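Same chain, two partners: chain A is paired with chain B first, then with chain C.
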Partner chain A sequence: MTPIQITYPNMMVILPEVVLSCWVFFMMMADLFIPKEKKEINAVLGLIGLAVTAVSVFMVLSYGDISSFNDSMRSDRFALFFKLLFIITAALAILISAKYIAIEGVNWGEYYSILLFSVVGMMVLVSATDLVTVYLGMEFMALSIYVLTGFIRHDVRSNEAALKYFLLGAFSSGLILYGMVLLYGVTGSTNVYKIANFLAANDNYSNPLMIASVILLISGFAFKIAAVPFHMWAPDAYEGAPTSITAFMSVGPKAASFAALLRVFLVALPVMKPHWVAIFWGVSAISMVVGNVVAVAQTNIKRMLAYSGIGHAGYILMGVIAGTRMGVASVLLYMLVYIFMSIGAFSVIILLRKTGVKGDEIKDFSGFARRYPSLGLCMLIFLISLIGLPPTAGFIGKLYLFAAAVEAEYYYLAVIGVLMSVVSLFYYMQVAKTMYIDEEIEGQELVPSRALTFVVYFCAAATLLIGMFPDGFISAAMAAVLPI
Partner chain B sequence: MELLLFYIFGGVAVLASLGLVTGKNPVHSALFMVVVFFVIAALFVLLGAEFLAAAQILVYAGAIMVLFLFVIMLLRLQPEELRNTSRHAFQKFFGIVLSLVLMAQIALIVRGGFFKGAKGNYTPEVVSGFGGNTEAVAAVLFTDYLFPFELTSLILLMAMVGAVVLTKKELK
Partner chain C sequence: MVTLEHYLVLSAILFGIGAIGVLVRRNAIIIFMSIELMLNAVNLSLVAFSRQLNSMDGQVFVFFIMTVAAAEAAIGLAIMVSLFRNKETLNVDEINLMKW
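Moving on to the complex of A and B:
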């Protein structure tokens, strides 16, 4: 028997993941020595860790397109773009959490460790070029989010949300895994490039196993991005989770899942495109319709934003369906834009949270903008951006998505998208109307947290900045497109 | 000899599976399932996959079935509830239909030709080149799948921390 030859892997490929994981180990240890009333130190530590990780991402950027671990992980500009997005998302989530989890009475250090662990999982997911690493990254990310969703242990709604999310999530992981197994069975490989090569060399795409595999993969991924008909978990999970986590999971895991989806479908299965486009077309259209129409009937703003998130998943799928360089770039751009408007809107909701009052009903916003004009204006900016009107970032993002769909000649899809944006105008403006026109109500004090108000202003500024000067961001997204 | 063993273990597996699905008492069903796991492990040994057999017994018969038994005992189902199986008629119907579909699928695969796929890389010759099944698994795990292997440890750590956070009686 010959001894196993282990070639030393190129660790630069996973440098950001390694740096952040080590930092989380350190934070777990440090948490033991931080007294109960000073748990905010954990938040500061988390931010430092993210800053260090951001530096490592820029270090890796200069190495170009590298892969290692038997080509199961790849560090290209596509992955690094998403990694930076996750760092921004997590940093904003930590800033809005510090005070909020103290109010909820769950101010424990593990919150930050698990949050950062989920970022590690998302980083693995966007770098993964092997179905095994795709699956593990996805599980890592999802398991962390399940725990965070149920983090308010004494709140039944939080428990219920976590349990629902966990059970349905486990089910969808099973679907994805089944799809991957069939793909492996047909192609004999789990590597996305080898799968693509095999399928290109062998006329195998009429194989019934391939069709089954594509259907199963789409079902699993549609769950992860909360697209109809696999969206049922989203409103409950969004409503029950701690609001800071709702903000985080409305952006981070969605972006990571879209990245993995792009890699799996555009890199591994380009020959199957006619098949998966047909299914995604339906998923996209029905997500836009159901998400936006059902959102109209919501009275809880977290549920409303959950349904609007379902609609947004439908819009973003347009970029995937187009499948062109422009389409992929528009997905990247929209994910960037979506971070600021979504986290911004949820931060405003957190501002209204105080002991005894949830502050997440739409009527809790009555007269909010008259009492707090500048914060009300920020919320208005987020709402306008979510609708997709100029001069905000949401307009630029949607413009590119629709343009990509039209360029690839999916006219009907673009028409549905525009029509549903008009529907969304109705329910977003309902919130604006409540804020500006309805009577002021008693007890509308804000959470006294400068970090939280900073996030609100920062997100509003970023939303406007991207909306008015989009050139730099667009070229960044174009530069990060997958080589297809 | 090998064929005879195969028929013995296969027969036991089929009988135990039948006992598993027809058993009225969930604890009996769980114990039948342990038997199924053991004979499947024996079938793995016959196929020359000793590592898989050991993993099968340790993970499934050991860890997962203990978990099952714990859940069954914690639920403490009353005998009356157990006897009342009429509400499962719907499930029973679909169970039978899906089993038939599965059987048809397996028959198609066994007949061959309908589902085409690539030939696997790990033929018996390749595996014996490594020095055996366990060695082959180790070689693949620590070279090609080194990163997933290490990543799993991180996931387990995270899951452990998460489980403690969610269930510990008092957190400081």
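Moving on to the complex of A and C:
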């Protein structure tokens, strides 16, 4: 056996992860000294930690593309783009959490630490260029999210959501692992670049082990991004989880899984492209259809957004299928856009949560916009953006995804996507109709939280800003695509 | 002579038993045990491949999987305990508050 070469690693590659991990350890210690009624201090500490991490991301950016740890971690623009997305997502999630977890009666300090640990996991995942680090990052992220999903310990729905998410998540990890092992067995390496080189040099195109490996990897990743037919966990987990965590996991883990998916399939397995494109084509089409059609029948708004999220996973897969620079850039852009519209919509739901009132049924929104015109308008902006109509960010995001699919000549897929956007018009506008036309109801007083209303207005402003002046964001996404 | 194929076939059978266990068993703990069986099937193949390919990567990978599986067991059992406190069952057919 060849001895393992150990060289001194370039720590700059994982600087943001190190900074954030150290900060979270500090937060866990500090939490012990914070009295029970002042746990909001943890939220402030978390925001400071995220700000410091953001600074470190920009520091690393000036080093260009660097990789270290035996080529198992890589810090390039692609990874740093996603790391910034996660920092924004986590900051928004912390802002909408502070009041909400107090109302739910789970105002404990570890909430923020676990949330930030999952961000560390996502950062590892987007930097990973080795199957081992991909697996580690994915589990680090997922394990933290399982805990957060079940965070309302006294609520049986939260427990149930966590159990379902946990069992199916662990099962999907098993599938991904078996796919990785077969890949390792055929190519003799776990490094994505070595795998790509081996496959390019040897003809393994129709090797049955390779095909099995691709199928297993796709099924595992489809679980993580909640695409049909592996989507069953998503509505239950979204509904039962604390709403602030639903907002977080509708964006963060999805973006991180898409990043890992792009790295594994576009960097390591370009040779197998005809195989995986065929499967992803079906997954994408059926996700768009099932997600959007089933969303029509929902009465719980968190569940409806879960199904619409399944549909959105289908749209985003179009960019992966196209596999061009344009396709990858459109995935990055859509992930950026999706943060603001999804977290924005969920924070409006949190506004309606009071002690004793759940506020997550669509009928709870009756007359909401007539009572609170400006907040109602924000919700309308999020809904329009989720449908994908101008002048919002959702339109720009979808436009680029469809354009990438058409450019790569996947016309049918683009047609299905447009048709399903029309279906989505129906159920999103149902909410808008409830807000604007239905009678006002009792008990719609809002949670008095400035942080929460700030997030709603901020997300609405960002959604409009990206929709009207998309140039800077598009060029940022184009600059961050993988070298393919 | 035990060859690589033997290990791979055994590993595939174990993985299959685990996957079927996840799909047909109804007790959450047994489902979780089946998932662990799948992970161990993966470990078996990794070690077999590592020996065959003369590379250490596979064995290093096994250590990571075992570590993560231990953390996963801790979290999974904690979730089951908190569910059991509220509901007094771990039968997944009865864990159905939320349904489409």
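The criterion applied here is as follows: the second predicted complex is superposed on the first by the 478 of 484 C-alpha atoms of A that agree within 3 Å, B and C clash if a C-alpha of one lies under 4 Å from a C-alpha of the other, contacts with A are read in each partner's own complex, and residues count from 1 in each chain.
The working rule: a residue touches a chain if its C-beta (ideal position, glycine included) is under 8 Å from a C-beta of that chain, and two chains touch if they have at least 3 such contacts.
Please read these numbers as outputs of a predicted model, since none were measured by experiment.
Legend: residue contacts after superposition of the two complexes on their common chain; A:154 is shown touching chain C, with no touch to chain B.
By the touch criterion stated above, A:235 is placed in contact with chain C alone, chain B being left untouched.
In the superposed pair of complexes, A:374 makes contact with neither chain B nor chain C. Touch criterion met: A:136 reaches chain B and chain C at once. In the overlay built on the shared chain, the residue A:72 is in contact with chain B alone; chain C does not reach it. Of the two partner chains placed around the shared chain by superposition, chain C is the only one that A:174 touches, whereas chain B remains out of contact.
In the superposition on chain A, contact of A:188 is made with both chain B and chain C. Residue overlap on chain A between its contacts with chain B in one complex and with chain C in the other: 1-2, 4, 132, 136, 139, 143, 146-147, 150, 153, 162, 185, 188-189.
Of all the residues in chain C, the ones that touch chain A in their complex are 8, 15, 18-19, 22, 28, 31-32, 35, 38-39, 41-42, 45-46, 49, 52-58, 60-61, 64-65, 68, 71-72, 75-76, 78-80, 82-83, 86-87, 92, 95, 97-98, 100. The part of chain A that touches chain C in the complex is made up of residues 1-2, 4, 131-132, 135-136, 139, 143, 146-147, 150, 153-157, 159-164, 166-167, 170-171, 173-174, 177-178, 180-182, 184-185, 188-190, 235-236, 239-240, 294, 303. Across the interface of their complex, chain A is touched by residues 114-121, 130-132, 135, 138-139, 142-148, 151-152, 154-155, 158-159, 161-162, 164-166, 171-172 of chain B.
On the side of chain A, the complex with chain B involves touching residues 1-2, 4-7, 9, 14, 21, 28, 36, 69-70, 72-73, 108, 110, 113-114, 117, 120-121, 124, 130, 132-133, 136-137, 139-140, 143-144, 146-147, 150-151, 153, 162, 185-189, 198, 202, 204, 207-209.
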